[in-house]
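In what follows, structures are represented as structure tokens.
In the two complexes that follow, chain A is the common piece, with chain B as its partner first and chain C second.
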Partner chain A sequence: MDFTFSEDQLLFRDSVRDFLVNEVTPERVRASWEKDDGRDAELWQQLAELGLCGMTVPEDFGGLGMNELDFVLLAQECGYVALPEPLVNTALVAVPVLSRLGGEAASEYLPRIASGELRVAVGCSENGLVEDAAQAGLLLWAEPEAFYVLTAEQFSTRYNPSVDPSRRLYAVELGSDAKPVATGDQAQALYQAVLDRGALGAAAQALGLAQRMIDISVQYSSERQQFGKPIGSFQAVKHHMANVAVRLEYAKAPVHRAAYALAEDAAGASEAVSHAKLVACEAANLAAKNSIQVHGAMGYTWEVDLHIFMKKAWALAGSFGDTGFHKQRIAEHIFADGAALGAGTTFA
Partner chain B sequence: MKLNFTEQQNAFREEIRTWLAENVPAEPLKTFDTEEGFQQHREWEATLNKGRWGMVTWPEDLGGRACDLIEWLIFEEEYYRAGAPLRVNQNGIFLLGPTLMEYGTQEQKERFLPRMATGEDVWAQGWSEPNAGSDMAAIRSTAKREGDKYIINGQKTWSTRAVWADWLFGMFRTDPESERHRGLTFILVPLDTPGITVRPIPQLDGLPGFAEIFFDNVEVDVSNRLGDEGAGWSVAMATAGFERGLMLRSPARFQETARRLVELYRANQASADRDPGVRDAVIRAWMDAESYCLSTYQTACRLSQGGKIGAESSTNKIFWSELDQNMHGTAMSLLGARAELLPHAPDAQGVGTWLDGWMFAQSGPIYAGTNEIQRNIIAERMLGMPR
Partner chain C sequence: MKVLVAVKRVVDHNVKVRAKADGSDVDLNNVKMAINPFCEIAVEEAVRLKEAGVASEIIAVSVGDKACQEQIRTALALGADRGIQIETEGAVEPLVVAKLLKGVVEKEQPQLVILGKQSIDGDNNQTGQMLGALANMGQGTFASEVKVDGDHVSVTREVDGGLQTVKLKLPAIVTTDLRLNEPRYASLPNIMKAKKKQLDVYTPADLGVEITSHLTQLRVEPPAERQAGIKVESVAQLVDKLKNEAKVI
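Right, the complex of A and B next:
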């Protein structure tokens, strides 16, 4: 039993955190909002040069050969800066799914994804809309009975603006020449793989977003004075933030366990992911609610940075399976006849 | 990261499981808030100790097994799974025991720990006073040094298990000129000393689970002082850390409650589903109990690799106490009109111990430092908000 990350995993996390905090400032996020395609080609190239786009690509295909567990801490950091670039969907969802599919698609596209040259989008019918579909050269589209790998000319898109201006969402229409590369059980497995990894990515980012909203609110409430004191010295304000800290603290281990379960292909991985998604997004939503309250009217403005993180938290809560979808998966597990529940069953 | 148990850990689990199957009393003991039940629980502690299961994290020469935190969690899982009796001496073995090991002299360890382990000495707490509750530094009870004695005067209250306990550990003001958390001393007091009056206080369930204690020129030998004179506050903070932290509230208890809640829901699903909030609360209860378990294992692993526990231990106390209230509150909703019935009511079939648990759950957010105090600690020491 070892529920800790390795020294290497933590060091890598630290170096990526330093890079992201320095490079992906709120100003840079806002600048990307102003662009037509919402994307920052220079930043994407920097991420690729750091090895991040290819982090989960097998070494034979020019990547670092790492897995979901190696990446989960980085996904938290992506959330912390509200990274607009689709790094989490690429490294945590598209690449592992394409690797599982294998064959020609994997050998043809994975090296190009690792180098940053090819942008890939990934979506599933549970979600409907696909992030970055119009910006991507390649689309992975998962349905329960059919899995597609499509190049740009094989599908068309319709833009749907999101409350989070970083998210570029598209309805996708498959062209008449689009043929599934997998059907039946294989498609079902890939569909699950997309949903589970997408949900894990949302959960991990939610942890980072919640932490960022705490940090911003603590700083604001330490500086803003009313009644001759910083408002953060008042218990009503303190307790708003303490409540977020409690929910966040207890959402971390479920997310790390879910990443481990996916990396190990463990039984029960899907329930672990649903648990992680629900508690992490709940923590982020509470962070958003309490942070805007602590900011007062300033929090309701476009100018103060809080909304960059708050809106991403709102958006991620419904992506890759909404609360109904994930609670249903938990319910099927715990209300089943003969379910192993209670003390001593967590790691069984 | 490797989330499975070693062969050695599995063997340990098997060993305790087998022992409990053979030794846990078939009939549940009477509550330890009655004289008869107290005695039964004291005997159970002796039985546990004979099997060397009394306090597995203690060193082997003190009757323990020198278990690490992971083995401790495994022990607790099996203990709660088996429905074994509550620990009447938890103030001693979980709180004072570890404090003694950290601050006690060799003589004190030899004098107190073995008798604590066998249940011969059951311990009560003496922290709160009528005017020192959340504000514990307002303690006024005095211990005046005279030669090799302390003369204790004053009053303690909310002293859990004190009605039938043998000893009390508490904090007293040894420097009458001192204020707040300076000048306090941690002293161990035999409850049969002349000058002590114990007045039972009936709890929410009507039973005397705690008491107030009056001290009238009570003489205690200086050798009963734990830590230095005037250093009581830091000794007590270590004990309070054990109380809030993972020693006292291991996840197994809450996971077993969540399991029973799922069972109760399934047995009453048709009526329960008329209120969709109940089903949702059951799902949340299971997830939160699971989160608590996962987080505790993660913390235990971090600590065993040399990490330190900090202000985040205050999040622990809030999380488990609110979870316990939510789970029992959900059970009360599920039981509907039967929820108010006492277990011995003739038509109370199937209500089990939920009502007792519900009443007890009310105390969780209050004892061991109210949740409001914990939130202040989180905000100021973990998040760095201004005082």
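Right, the complex of A and C next:
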């Protein structure tokens, strides 16, 4: 079986990378931090015009009808530039969940999401806080027993600062007229879908963030001279980045596998997602830690771009289930009665 | 009106190029390739002419090995209607490219040919002008504005002293300067559509051109490394250094 990405998937990644690297510069990210709502309407419209908001929207609703596996490489690219706009939560979480819910909500909202006209926020009770809830015209709120699709009038928000200034987090209070659109088993399945896709999005972005921090540090250590040589030539410095590169490489396969498992609705998809989230966030965390070491005191300064990526990595580690939550899910899987453990079977 | 646009595959403009260790050429191993930025501007201008209802069909043509189909597909994703690859091996010099493009011009009979003013790898700035001479067509080079009016095209050119506007009778050749427009990004639906667009492959023999080389590249070397600057103590010292060391004032 061929698990390599298709020519189309790689072509999409390359074109999206070109766009993001050129348009979402660190200066533009910093500029978004200064705005009250933290959002860049022009950039969001550009993303929509490129077809990114509608990439996972079914073709019947004006999208490209692609799946989680098609989008995962693009989510990595979003991480690489620390994209402040909530594209990953929209295309990788909200749209597939709304498609799965189907019915009037899907036919009414999906075409507007694809065109970029409607911003959607998505959250679950595991997280508590919802990114961009105050900026969204639509909120998908998932609880294990109830799933809500709410317009802006049906909920209120309270701002909570995040370690990452790009993320605008809000506590959400449902209005008295908020009624669940799904309950029982259906709500449970949608809750799981939100949690898993959100965690996959965070994991994929963490891969991109780790790569960016490696690139920034390698460039810095190639230019910064000490004792007449670039500091990157010293073993103690270059091993820091080599360790991150190895950790990152080992994290890629679990993330891509989790995307495949979700796209195919495969058994064990949730365990695959938890595995992916843990290893990808560990890689990004190590990248942040070692990049600081490589930069020395410069790494702590506001002027150096490193902190843009570090802060997003830290924030994403706790998004859609923190480390404890995902470790617990793995633990339940491997300590279950009759669990098949060992190489090729633990996560099979 | 049919518009022919030439696109060249070059090293991506963000890549810092390196010379091969033996100095024989630029090292292209594992280097990202892209459409020459000036050619991308040419494609964008053609697409804008089509959107304005002036052009009816855009043909993107490239000269090179199979890899250059990637750049033709990019042009198709940006809005060109069909592509032509003229299959050659190794480096081809501007005169050969101009002769091959002349063959395509004779075959397709476009009213307007838009090319980048130069490619960022060779920096020759010759192909458009040579094609103009070979095809006996008027040319407006270094265009910063293009307006088609009936059977004429007005081209505003960026020249040393400012701007010069020339009026050319169609068919004509335009070469693009950097400020002509800002190219768009290809959208994902258009990238998918581009895969289904027609792409014809010709050999130089199909166009009646024999490839002969008139140039030999002797050596490639990187520019000299910039020396570190110094801090001067005073304005007077700065002026002294500019006058006596740098000899610029």
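Everything that follows uses one rule, which is that the second predicted complex is superposed on the first by the 343 of 348 C-alpha atoms of A that agree within 3 Å, B and C clash if a C-alpha of one lies under 4 Å from a C-alpha of the other, contacts with A are read in each partner's own complex, and residues count from 1 in each chain.
One rule holds for everything that comes next: a residue touches a chain if its C-beta (ideal position, glycine included) is under 8 Å from a C-beta of that chain, and two chains touch if they have at least 3 such contacts.
On a predicted model such as this, the values are computed, not experimentally measured, just so you know.
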Touched chain A residues, chain B compared with chain C: B
First, second, both or neither for A:65, with chain B first and chain C second: neither
First, second, both or neither for A:26, with chain B first and chain C second: neither
Partner chain in contact with A:144 - chain B first, chain C second, else both or neither: neither
Chain B versus chain C as contact partner of A:18, first or second or both or neither: second
Touching partner for A:49 - first (chain B), second (chain C), both, neither: second
Partner chain(s) touched by A:343 [first = chain B, second = chain C, both, neither]: first
First (chain B), second (chain C), both or neither touched by A:8: second
Of chain A, residues touching chain C in the complex: 8, 11-12, 15-16, 18-19, 21, 46, 49-52, 55, 64
Residue ranges of chain B in contact with chain A within the complex: 1-6, 9, 13, 70, 74, 76-78, 80-81, 251-253, 255-256, 258-259, 262, 265-266, 279-280, 282-283, 286-288, 290-295, 297-298, 300-302, 305, 312, 315, 318-319, 372, 374-376, 378-380, 382-387
Residues on chain A engaged by chain B in the complex (per definition of touch): 1-6, 69, 214, 218, 221-222, 229-230, 232-233, 235, 237-239, 241-243, 245-246, 249-254, 256-257, 260-261, 275, 278-279, 327, 330-331, 334-335, 339, 341-347
Touching residues (chain side chain C, partner chain A) in the complex: 14, 77, 185-189, 191-192, 195
